[in-house]
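By written order: A, B and C. Residues from 1 in each chain.
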Amino acid sequence: MRAEYSLEQKLEAMLTVAIEPITSEELADAVDDDASFVLETLRQLRAEYARERRGFQLAELASGWVMQTSPDVAPWVTKFANRDVSHRLSSAALETLAIIAYRQPVSRAQITALRGVNVDGVVRLLEQRGYIEEKGRASGPGLPILYGTTELFLDRMGLASIADLPPIEEFMPPVETANEIAEELFESALELAEDA
Amino acid sequence: MRAEYSLEQKLEAMLTVAIEPITSEELADAVDDDASFVLETLRQLRAEYARERRGFQLAELASGWVMQTSPDVAPWVTKFANRDVSHRLSSAALETLAIIAYRQPVSRAQITALRGVNVDGVVRLLEQRGYIEEKGRASGPGLPILYGTTELFLDRMGLASIADLPPIEEFMPPVETANEIAEELFESALELAEDA
Amino acid sequence: MTFVVTTPSFSGPVELLLHLISSHEMDILEVPLAPLIDEFVAVLRDESAQMTVDQLSEFVLVAAILLEMKSQRLLPGRDSAEPDEEFVGWEERDVLFARLLELRTYAALSDALVSLFERANQSYPRLRGIDDGFEVTPPDLLAGVTPALLAGAYVRGIEEKPVPVVRLNHVTVDAVTVAETVVALSQRLPTMGRLSFRALIRGLESRIEVIVHFLALLELCKLGLVDLGQGATFGDVQIEWLDITSSLDLGRVDSYEG
């Protein structure tokens, strides 16, 4: 039985939520503990998951530690990832994509500032699906990645170029009305998509 | 010790790669197993993680099952978290949302009668946020829209169904009532008088 | 403070009555509330009753709210709301009282919703998704999304986010604050001569506006700018502007936030 707020519990939580690999130093920093002790605990957890035949495993990659699926059940993961469900972007993801489309090139920090929420997960999803890509780097600390939309995005939207996006002014005044119309259009589009 | 390719292992792997809640039916489909058996296994896993004080937990939301961090260690996780935090609602919006949640399906006129103020704006806001939706029409002049809460609302509250909302009886005013309502309003006026 | 009320089914402090009702030990349907109002008025009229300004003001306010709500309900065509069939046959005051109780309940519940919401927010979902190396042919996530929908999403995405609101009081003054009303009345009243409260509030849309006007009047009264005279019944309060040369110090009232 683990103690309350055990190091294991904290590390598991961070690895659960992390989108990119994390180094043991970063983890040690976050839990304010000794780096070598954190590393040792991570290895124990890795051994524990393997011994218990969990569906996930801890892997130590060059860029850090990551929680990922166990290779034992890879065929089921593939099947699951390819399952045929009528997927669509959530409205939050669509808003983020729209901001990237209209403001490109734009950094994650700039989008976050506009949206008021962290968008790392959404940006990763959009990038994985090939709708956005890195368009360069901004100057400044950490040289943040600047994102823009891809050709695939334009193809899917039926546009020849970004210049063909609807002018935003038409959608501004009054904001409430614009929202309502967009909402209605979106609803009917969804119904069409679901029927299709 | 789990058997090789146990159902537990497969489910854990799928929940590891899922980026939005998954229903037990979807999971059952992917593992080609009985849905009620999958549901039972999910509940066992949930209990197991809680018992072992893991850093992750399984939660059953209205839209499905999700692997997420344990609230126990939230302070340590915050900096890694990627999540669309919904914006806080005003007390007017919250109160209207509470009325809709507990009295659904309910019309705007019924809410207005109870709250004593026009609620059109608040209802529109809640609808835009996706917390409420039309659930049907009342009979009567103009066939007023009846509102109820959405799956998103339950997801945001961490609930699997409306039945999981706290029982209304517990929130009946214990001793304070009209007197106190008046007092609250009046204290502000008195403070002003004292300042004067 | 404690009002002792006497009804056919109950006698005792009003707080106890409320407690019994709210804990389901008594049914509000069985409690006529007229005596409660009568005792309000009786105490108001009892010159020997040594009451503090606070107590008296509280009496007046409770009575004002109840009477105002009643008049609101009695005026035809003022309320677009459907009639409450469940309340038909109730005494008017009982309906009002039940409403206050119910509203209070939902106010408490909305706090509970915030707690639930905050608790749910303590957990962070896994978002890493599938790892590289898996053969995934993703469905077209943009199916059905048109350029116009995207533009709409952009507008939603960049719209100003609401400022977090800290819950202070479940009574929401949507449009107008007491401070604003004090200012407005200090401009209007000097030109209106002597008039009744009823005349002043004519045309107001909501109960809360009426209450805000009432509070603003009390405010002006305490500032010595207005005289409030009681007529034959409480509902006919007469309002008179006292000092037309005095200007209002707005700094005294601008901190009030409804």
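The rule we apply is simple: a contact is a pair of C-beta atoms (placed from the backbone, for glycine too) under 8 Å apart; a residue touches a chain by one contact, two chains touch by 3 or more.
What you see is a predicted model; the values in this text were computed from it and never measured.
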Farthest chain (mean CA position) relative to chain C: A
Chain occupying the middle, per Cα centroid: B
Distance from the mean Cα position of chain C to that of chain B, given in whole angstrom: 26
Cα-centroid distance, chain A relative to chain C, in whole angstrom: 43
Sites on chain A at which at least two other chains make contact: 13, 16-19, 67-69, 77, 81, 85, 91, 116, 121, 125, 179, 183
In chain C, residues with contacts to at least two other chains: 124-131, 161
Chain B - residues contacting chain A, complex: 1-6, 8-20, 26-27, 29-31, 52-56, 67-70, 72-73, 76-77, 79-85, 87, 124, 128, 130
Partner chain C, residues of chain B touching it in the complex: 15-21, 56-57, 59, 66-71, 74, 77, 80-83, 85-92, 94-95, 97-99, 101-102, 107, 109-110, 112-118, 140, 144, 156-159, 166, 168-169, 171-179, 181-186, 188-190, 192-193, 195-196
Chain C - residues contacting chain B, complex: 14-15, 18-19, 22-24, 54, 57-58, 61-62, 65-66, 69, 72, 79-82, 84, 97, 99-114, 116-117, 119-131, 161-162, 164-165, 167-172, 174, 178, 205-208, 211, 215, 218-219, 222-223, 252-253, 255-257
Contacting residues of chain C [partner chain A, same complex]: 124-131, 134-159, 161
